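For reference, chains read A, B, C and D in written order, and residue numbers begin at 1 within each chain.
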Amino acid sequence: MRIGVVTFPGSLDDRDAARAIRIAGGEAVELWHGDADLHGVDAVVLPGGFSYGDYLRCGAIARFAPVMGPLVDAATGGLPVLGICNGFQVLCESHLLPGALVRNDHLHFVCRDQRLRIESTGTAWTSSYAEGQEIVVPLKNGEGGYVADDATIDLLEAEGRVVARYLGVNPNGSRRDIAGITNARGNVVGLMPHPEHAVEALTGPTTDGLGFFTSILKGLVEA
Amino acid sequence: MSPLTPARKPDTVADAIAEPDTEQPYAELGLKPDEYVRIREILGRRPTSAELAMYSVMWSEHCSYKSSKVHLRQFGDKKPETDVLLVGIGENAGVVDIGAGWAVTFKVESHNHPSYVEPYQGAATGIGGIVRDILSMGARPVAVMDPLRFGAADHPDTRRVLPGVVAGIGGYGNCLGLPNIGGEVVFDASYQGNPLVNALCIGTMRHEDIHLASAKGVGNLVILYGAKTGGDGIGGVSVLASETFDEGGPTKRPAVQVGDPFMEKLLIECTLEVLHAGLVEGIQDLGGAGISCATSELASNGEGGMHVRLDAVPLRDATLTPEEILMSESQERMCAVVTPEKVEAFLAICRKWDVTADVIGEVTDSGRLVIEWHGEVIVDVPPRTVAHDGPVYDRPLARPEWQDALQAATADTLPRPTTAVELRDTVLTLVGSPNLASKTWITSQYDRYVLGNTVLAQPEDAGMVRVDEESGLGVAVSTDCNGRFAKLDPYNGAKLALAESYRNVAATGAAPLAVTNCLNFGSPEDPAVMWQFSQAVTGLADGCLELGIPVTGGNVSFYNQTGDVAILPTPVVGVLGVIDDVALRTPMAFTTEGDVVLVLGETRDELSGSEWAHVVHGHLGGLPPTVDLGAERALAELLVEASRASLVTAAHDVSDAGIAQALVEMAMRADVGARVDLPVGADPFVFLLSESTARAVVTVAPARLAELELRAAAHGVPVTRIGAVTAAGDDLQVQGAWGESLAWTLAELHATADATLPALFG
Amino acid sequence: MARVLVDVMLKPEILDPQGKAVESALGRLGLAGVTSVRQGKSFALEIDGEVDDARLAQIHELAGSLLSNPVIEDYVIREVTA
Amino acid sequence: MARVLVDVMLKPEILDPQGKAVESALGRLGLAGVTSVRQGKSFALEIDGEVDDARLAQIHELAGSLLSNPVIEDYVIREVTA
């Protein structure tokens, strides 16, 4: 199974996403922002980082990168896409996911081991978790507050499209403790915390994050 | 703007010959009259204003080390027998062999004065500068650390400086994608008008990837790449770091340098790609003194000559004069020497990364650094005289007359707790005091996970990163300095800083290998400060010789004082250790109920200069704890051996606030309690709060206790069994304090330790 | 040589933590009666040649997509000077 | 009920990484001839009662200290409306 990892100028967790894919048993394929070609990958991860320095707005400039053209089309057509942190911001800026991510309510960058509840196992990236499963993965962001109008959020809740919720502290002021969401089809997932940093006992707080990558691989095999 | 004539027509070498008597603003540029005279002697004429600009920044204290050179020599003279040093002092950073073909480079630098003027940008560009130093050795930067010192925690100006500095370090380092794996946060009134912002970076590379800053090969081209040159920070670091602040704050306010971490990230990836493609003969970062430094250092380290067309330098501000271009400290710039046939490939890679790059000159063997400005020669100098043959001062030193009185006023007479209740409250007071309280409010603003190789990070004794993902080979680094000890006795204070850093690295299971340092002191023009400096350098050099680990590089920061009041002498020492398999690292947390808790090392009645004397009595006097580097070495060998054999389940070094604070931190780390029985005959207060050196607290499974005691005996390390780890959530109990027992709940320890910084800065 | 000023503001219904922080700081520093503070961004563009209707339309397009995120922000082109 | 608008801009000689990023993005997106972009902040203050000279002096004081960082930024009070 070939899973692409896009590198934008300023992407930082791209190597880590690739490592997580390999540990989960997949083949990681480097995709370059300036290359408008997905090279036939079976799924794509938009990694964390500060694309274009996150100047202006996080993800605002990356959204216009050449690779995003084919990516948006493919995602609309059902290609599984996981946006982590900066990747989540890119997905929102590209309107593949509703809402937006704004400055943390406390105005500080925050890096912490975050408890989450998996709210939906119906997506391409969460199928190997149990409904309601609690996990701990790193969270690190300065603009991670999820916002959208009430109608949008109610719809997300109603359709079970809230993928993960913060437990304990809400680290950034996200509305309704939302840590991740998915599109109607469940192939595109945006997540503020970093599962790719919880795949090895030695370097992560847990290995709870591995499930996102085993989910997609399992799904692709079955598909 | 700079006091330099912004004349349309530049001051050429021809002018300098034709008009020998032109008045020159050398004093405004920080040059002393005799230094100006020497420049005239070197050139046999007056310098052009461009030459004057170059000499003034390169001969500044920061760039020339004119006051420290004569002392720093000891690091070379007393270098221990070692085969780990691949590149020594004198390059941008030293390089150490960690085996299996891997090399590590690490270095700490100061950005103290810029961070006082503009905390966010000052600290941010401090990170940027040290990262480029590491990059210029050919290494991939893999982690940063930030030893910080501020004035009184509750002083209003600390509220201005600290949050800005922390946000700047995080803002730059996080955006760069470098994990922050440790540092220091120390509060002391002496830093009020002069906070210390030191930044350390670690880089890794294969042996064959090591590069040096030299312009080899006549006819090779000099390429300047990265950010465009602007008017920011003209003479910034060099001038700012080379003068004292008066009560009113900085006297000179050069345009502050603003960092662009995104550009630096591109610079890193672009630089590593051109290096690995074999396109580079020599490379140099642009830091203090900008183009003046890069061109003169590259030239004098290579064929000896260089011809530069300054008008080829891409500018952000077209109105800059040539003098300003030479002095500008615009960030995120690098300089590379490339053979003509490889230039196109080099530029192509820069285009891929969207990095501006221009050929600005070529290497010659003329022995001269010649700089043209639109066809006219404005600089023609022997590059060595700019880069290396600056003035050298053997400044007068004098042991301060107050030193004896200070050492006589020991802490022995201070009232000590005499009941279990008093002792319990004293420990709690210390746990919540700013220097010991949890630093999470600060460190949670730093990304410690990025790159996915962080094995240990704050609050562990040392940061540890995996270097080789296959073999698990890794390195650990710690930085330490107790400025109060250094004030009481600068010679032993420096040794104590080394000992603590060395012990912290060993506690994680890494074998100490090499040393870097950042020597933060007051004005070298004050004989008392110069005495402190020479004592500290001698102590550190002697200590490194005794421990058998070489100094690989470092940095000196003088003029850290307000008016004529100097900061505590602060020789920050960084020790790097290597561990064959990071899976064997030793963390600090209590984890397993039933594990035996042991103290390694000997506890004496040593409380002068201690955290207790400082926090409870506001007292500083006496002599610091005795240094016993032999004992430190034995302890370190035992700790490393224990980790190799997976013998201990936890280890934590004992320093500030002694065994009490060590136990508290080990319990709070994973919220697991312990029951401790004070050794019979031991004074409860001394046992818990003395700061005797060469000690650590470890835990071991009962089944392996005998083995540990055997190995300890073999190394001659005293072992004291003091208790056992209890269950998750249990209290920390201490029994046998004057017949009574005391306990702290984890909840109250957290409430006390975690509340302090948020209350002050949140 | 034209100059275009674009202001970007958070939509009124979107929470503005920075504005809130400034608001309370102003209060602490003794500025009485501040009932609300909103923080926005401004962009000053220097453009060669003149900004005709086509150019202006293009700038509107970009102000509404790149310079601002319509989900949370509104923009106005405050000023166009030749 | 008065409204005060304060604009904060980086000093001209100070590097503006954000503006630089926007500048190149605008270029990539086909807006020709952009020679420079500077990004600034704006603050919209709602204040009870009227802004007399004393009040205005106070606001100037705060604009020059809290709202802007005089070491790297300049401010202007663009508008005061009752």
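Note that in this section a residue touches a chain if its C-beta (ideal position, glycine included) is under 8 Å from a C-beta of that chain, and two chains touch if they have at least 3 such contacts.
The structure presented is a predicted model; accordingly, all values stated were derived computationally and were not measured.
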item: Selected pair, greater C-beta contact count between B-D and A-B; value: A-B
item: Greatest separation from chain B - chain, by CA centre; value: C
item: Approximate Å spacing (C-alpha centroids) for the pair chain B, chain C; value: 41
item: Separation of chain B from chain D, taking each centre as the mean of its C-alpha atoms, in whole Å; value: 37
item: Gap in Å, rounded to a whole number, between the CA centres of chain D and chain C; value: 10
item: Of all residues in chain D, the ones touching two or more other chains; value: 17, 20-22, 25, 29, 39
item: Set of chain A residues in contact with two or more other chains; value: 52-53, 55-56, 61, 64
item: Overlap residues in chain B, where contacts from two or more other chains coincide; value: 260, 262-263, 354
item: Touch relationships between chains, expressed as pairs; value: A-B, A-C, A-D, B-D, C-D
item: Complex interface listing, chain D residues touching chain B; value: 10-11, 13-17, 20-21, 24, 69, 71-72
item: Touching residues (chain side chain B, partner chain D) in the complex; value: 117-118, 121, 227, 230-232, 253, 255-260, 262-263, 316-317, 330-331, 354
item: For the chain A and chain B complex, residues of the former touching the latter; value: 9-10, 12-13, 15-16, 19, 48-50, 52-55, 108-112, 138, 140, 142, 194, 196-197, 200, 202-204
item: Complex contacts: residues of chain B adjacent to chain A; value: 167, 170-171, 174-177, 260-263, 265-266, 353-354, 443-455, 466, 469, 582-583
item: List of chain A residues in touch with chain C within their complex; value: 56-57, 60-61, 64, 92-93, 98-100, 102-107, 145, 147-149, 173
